[in-house]
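These are the structures in question, set out in turn.
Next come two complexes built around chain A: one with chain B, the other with chain C.
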Partner chain A sequence: MKYFPLVWAGLWRKKARTILTMLSIVVAFLLFGLLQGINQGFNKAVQNLNVNRLYASAKTSLTDGLPIAYMNRIKTVPGVKEVSFWTYFGGYFQNARHPLPVFSTDVAALFKIYPEIKIKPEYITAMQQTRTGALVSDALMRKYGWKIGDRIPVGTSIWTSKDGSNTWYFDLVGTFDASTFAGGFPSFYFNQSYFDENTSFGRGRVHYYIVSIADPTKATQIASAIDALFANSTDETRTLTESALAQSQLKQMGDLNFIANAIVGAVLFTLLFLTANTMMQSIRERTGELAVLKTLGFKDGKLLILVLVEALLLCVFAAALGLFLASLVFPALRPIFGDFKMPMIVVFMGAGMALLLALISGLPPAWRAKQLNIVDALAGR
Partner chain B sequence: MKMLRQISSVTTMNLRSLPQRWSTSLVIVIGIAGVVAVLVSVLAMSTGMIKTLNSAGRDDRAIVLRNGSASEMGSVLLRDAVRTIVDAPGIKRDAEGKPIASAETIRMATVHKKGDGAEVNIPLRGVGQQVQALRPELKILQGRMFNPAVNELIVGKAAHAQFKGLGLGDQLHTRGATWTVVGVFASGGDSHESELLTDAETLNSTDGRAAFQNVIVLLDSPAAFQRFKDALSANPALAVDVSRESEYYRRQSEVIGKVIGIIAYVVGGIMAVGAIFGALNTMYSAVSARLKEIATLRALGFGATAMVLSVLVEALLLALLGGIIGAGLAWLFFNGNMVSSATSGPGQGQLVFQLSVSLQLVALGIVWACVIGLVGGLFPAIRAARLPVAEALRSV
Partner chain C sequence: MAALVTLRNVTKSYTRGKQKVEVLHGVDLQIAAGEFLALMGPSGSGKTTTLNLIAGLDQPTSGEVEVGTDRIDRLSRSALADWRARNIGFIFQFYNLLPVLTAEANVEVPLLLTHLSKAQRRQRVQTALQLVGLADRAKHKPNELSGGQQQRVAIARAIVADPTLLVCDEPTGDLDRQSAEEIMELLKALNRTQGKTIVMVTHDPRAAEYASRELHLDKGRLAGDEVRHVA
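Up next is the complex of A and B:
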């Protein structure tokens, strides 16, 4: 500890250079924190998904839909607890530039399948009693300034109503809190019975059956049992667990993931190369001073440690600052990823990289300092 | 004149000593190369995507969708509406006097990527019988055109290259039908090359859907668009949106282009800041390595401007080198790479496109490189000029 002032003085020997080096490390770790944080956030969201839920959609293509009559048959599969469904409605508020994630469903069963979505029981009752009722998420209600009791016009480009109108009216009867759900949980629901009653076509088809099961270890067997039920019919199903579904949706983004990773690699390599090079140079310039320290009786090992500690101090402090800045940015991304914090794993990875950087940039000059021949160094040879 | 001579001799002298400082100079070159490579390759993605989407549209074709529909996928046109649309004025007619138009209907087909076997969706587009007159850019490369009334389809060459099970004679299952691939087509590198084409009536009969999603018509001339649009808007029995095809595809590519652009400039911008710090460091140490030399020259009567410029030229040359290397790397690794991705959310079809490192992108990268070099060289250059000569000479 008594050598700290010495290390500190070495660090600030050239103020401008130290600050510039520090800032470029800060920038490197800011980018690392952001990109890797988002990447890990996605992974975590996929891993943390519920294992008690299965999703059945048409085998040919999701958009084909499945007959509503499958509901009762899926319920007969052993191990199935509850079945609900999503029928994609789409729609927009005011004009097509404000799309709404509108789905029709059976709300009572739906919220039993998603216990992590918080909703007051009276809202579910209200929904069942109001033919034209709608439930929306808190976030969506805030976004458009709606209140419970409002009559909301929803425009649609697909589902013309029976009277030929392109606008459907729903009465807002309640809200729910979907903030714990990191994946984009649909946030606007209305009654399937009202859809069937009011639409001019397309009755009796749903896009997803959501199935809750009692024992998650039997997920695969139950999924194949459901698919076997409808094998060789006109509408074959494909049943996936929640995480398998999320993964297959991420896969649709395709090659872009690979390119994003390549970029993170390029970013890190570039910025770390910059800093390592400058730090080596800064220590090289001090060969004479190190020789003086040796003359004063500093042991080889001690000198090595002094130089390393200096590199470590700079890297770790700058890296922590960069990651801290990145963590400040994350709240701004909440609308995209849900409740989202800087994952701890990224902090650990960052700490590991900072150590590595300190070693790579500090060890060669430190080793040279250790091997220094005093006479040669003082003579400037 | 004397000034210019001063500048050129100091700069030449400076550059001759560059090899002695190569390891620190490398910091500028590699730093900037990294920034430019990342910026150019990310933008190459959106350029390629936009190019593929936009080339599908022509000014003398119009696309009719149900009003309020943002894209083909959300549109429905019933048979009656289709009949009214193709009778409107302004549509070019063929030798037999029939309007050149295609009422289209789209399904999603599930296929697997050749690389990692990932399951993705691509559009299966049912087109009208006059599709070849409507889209003269459509050329059969292998096999033959599909026949109507039998389950045959042709596959775009980009989809053919990217996905499994789409070779001649291969079979593809959709709901209610099994299709045989009978041909591979090219259509000028546009987004249709990521699709499957078949006959619209045949496709509709496989799953009992009677409606179409859009009508695409060939106009008499680009100028006939207004006449066509007015005729349809004036018809109270129709509720449709009419767009020029070029305009429609521009809208489709707008959002994704914007998103990728933001990513490119944010990541590139942050990296550039880091590279500026690196460049500042390098140039400061270059100036301090030349302290003796600069002070001597100043004592001999060389002007401050010559000093400033010699440092700036060095920084700019290094930056330029970095920029060229960076753009070159992006071009080498990414230009012409075939990739596929969903253009919007999941459930949408895949678009296969080539990353395209265009000349504008290379120029943009080099401009960024020069700006970084300039900023990184400026402050050290000013320091070199302000050096108090007597003090600097004493210190050495």
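Up next is the complex of A and C:
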């Protein structure tokens, strides 16, 4: 600890250079924290998904949809408990910059399949009694300041209504708490019957069947049985478990894991050279000073450690700041990714990366300081 | 008086590129405790090399170097570092202070290698700075001090750990005449009142006049040895 002022003073010998290097490390670890945090968050969300649910969609493409008539046939498959469906509506509030996750469905069956979503029974009853009703997650309610009884106009660029309008109107009849489901993904549900009645096309078809099963160990057999039921028909199905579906959707967004690792890897690799160069330059400029320290009795090993500690201070402090800033950004991303927090594993990974960065970038200059010959260094050779 | 430093048949050669350069040729020398020795001679005569050997900064190619009871030519690199910290105070031509540290922090550096507490270190630093007349400049950084003041800080750093021997390499080489005289008066006082043994390399005959003994080197050999009484 008594050497700390010596290390600290060495670190700030060239303030501008140290600040710029620190900023580079801060930005790199901010990026690391965000990308790895989102990545880990997705992985965690996928791992936490329910194993009792299957999702059946058109084998050819999700957008082709499946006939609504399949519902009763899927119910006949042994092991199936409950069946509901989703049609992706999309849409936006006010303008396209405020997209909404809107789905048409059969809410009564849907909320039986998703018991982790908390909803009052009277809202389901209200929904069944209101043709144009909508149930909205509390996160969305808060975001737009909606309240029960509001009439919500939802714009769409896909589902033109029968009268040629691109705006659909929904009466908000209830809300639900989805914070424990898929990271609290915000959602907006309305009646499939209203969709079928009002849409100019795509009537009688749904995008997904959601199937709850009694025994998750039989998920694969039940999924195969559902697909076999519609094999060789004009609308063949592809049935997946919830986690397989989520992973498949993430894959469609790109291999997030690979992208995150590739970006972070490239940034840290570049940073390694930058930091090593800064440290090397700093030590080269201080050759005379280091020789004086050795002259005064500082041993080779002690100087090696002092230079390494200097690299550690630079990297760890800046990395901690970067990760802290990343953790502050997470709440702002909730509308996009749901209730994500920076996982602790990312903090530990970041600390490990910072240590590694400090060691790799600090070791060459530290070794140089250790090997310094006093007589040559004092003579400026 | 008993010899504090003894060099016996010391030779030193360096290899520069493919060339072997003989710097010292069998130097025999004794320096008594409490002596103020000026090492003089033309460039390349081996003055600084002799000083480096006495201070334990370098090792002889052959021969013996004894300081006090220690045969320092036999010490390892690490043991030599410990020995320097305990026994030697260094004063350089260009002061060699750490520019990022204040005067008091610079003076404290050798004490970091001791087991003294923070309060004890602070006390010693204040005493050393008072001794060189710079107690009021303790918080100043080297670039806020004149050359003479910087050299005083360097002297405070050299004496703060209470070494047996002070080695000075051209201590007035970068100073104006008045500052040089002040520094030499200070060194003389340290020699007389504190009993510090001083070995000083210098080109400056005026600086050498402060010494009690003047030793001349030429082409790696002792060329003259003059003992005098300084007022």
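The definition used in the following text is that the second predicted complex is superposed on the first by the 273 of 381 C-alpha atoms of A that agree within 3 Å, B and C clash if a C-alpha of one lies under 4 Å from a C-alpha of the other, contacts with A are read in each partner's own complex, and residues count from 1 in each chain.
Heads up, the rule we're going with is that a contact is a pair of C-beta atoms (placed from the backbone, for glycine too) under 8 Å apart; a residue touches a chain by one contact, two chains touch by 3 or more.
Remember, it's a predicted structure, so these values are computed and weren't measured experimentally.
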Partner chain(s) touched by A:40 [first = chain B, second = chain C, both, neither]: neither
Most chain A residues touched (candidates chain B, chain C): B
First, second, both or neither for A:267, with chain B first and chain C second: first
Chain B versus chain C as contact partner of A:161, first or second or both or neither: neither
Partner chain(s) touched by A:221 [first = chain B, second = chain C, both, neither]: neither
First (chain B), second (chain C), both or neither touched by A:287: neither
Partner chain in contact with A:132 - chain B first, chain C second, else both or neither: neither
Touched partner set for A:64, first chain B, second chain C, both or neither: first
Residue ranges of chain A in contact with chain C within the complex: 2-3, 5-6, 9-10, 12-13, 288-289, 292-301, 374-375, 378
Chain A residues touching chain B - in the complex, by the definition given at the top: 16-17, 20-21, 23-24, 27-28, 30-31, 35, 58-64, 90, 92, 95-96, 99, 155-158, 160, 166, 234-235, 248-249, 251-256, 259, 262-263, 266-267, 269-271, 273-275, 277-278, 281
Touching residues on chain B, where the partner in the complex is chain A: 23-24, 26-27, 30-31, 33-35, 37-38, 41-42, 45, 66-70, 74-76, 107-110, 113, 118-121, 173-176, 207, 239, 267, 270-271, 273-275, 277-278, 280-282, 284-285, 339-342, 346-348, 350
Sites on chain C touched by chain A in the complex: 52, 55, 57-58, 77-78, 81-82, 84-86, 90, 92, 96, 98-101, 105, 109-110, 112-113, 118, 157
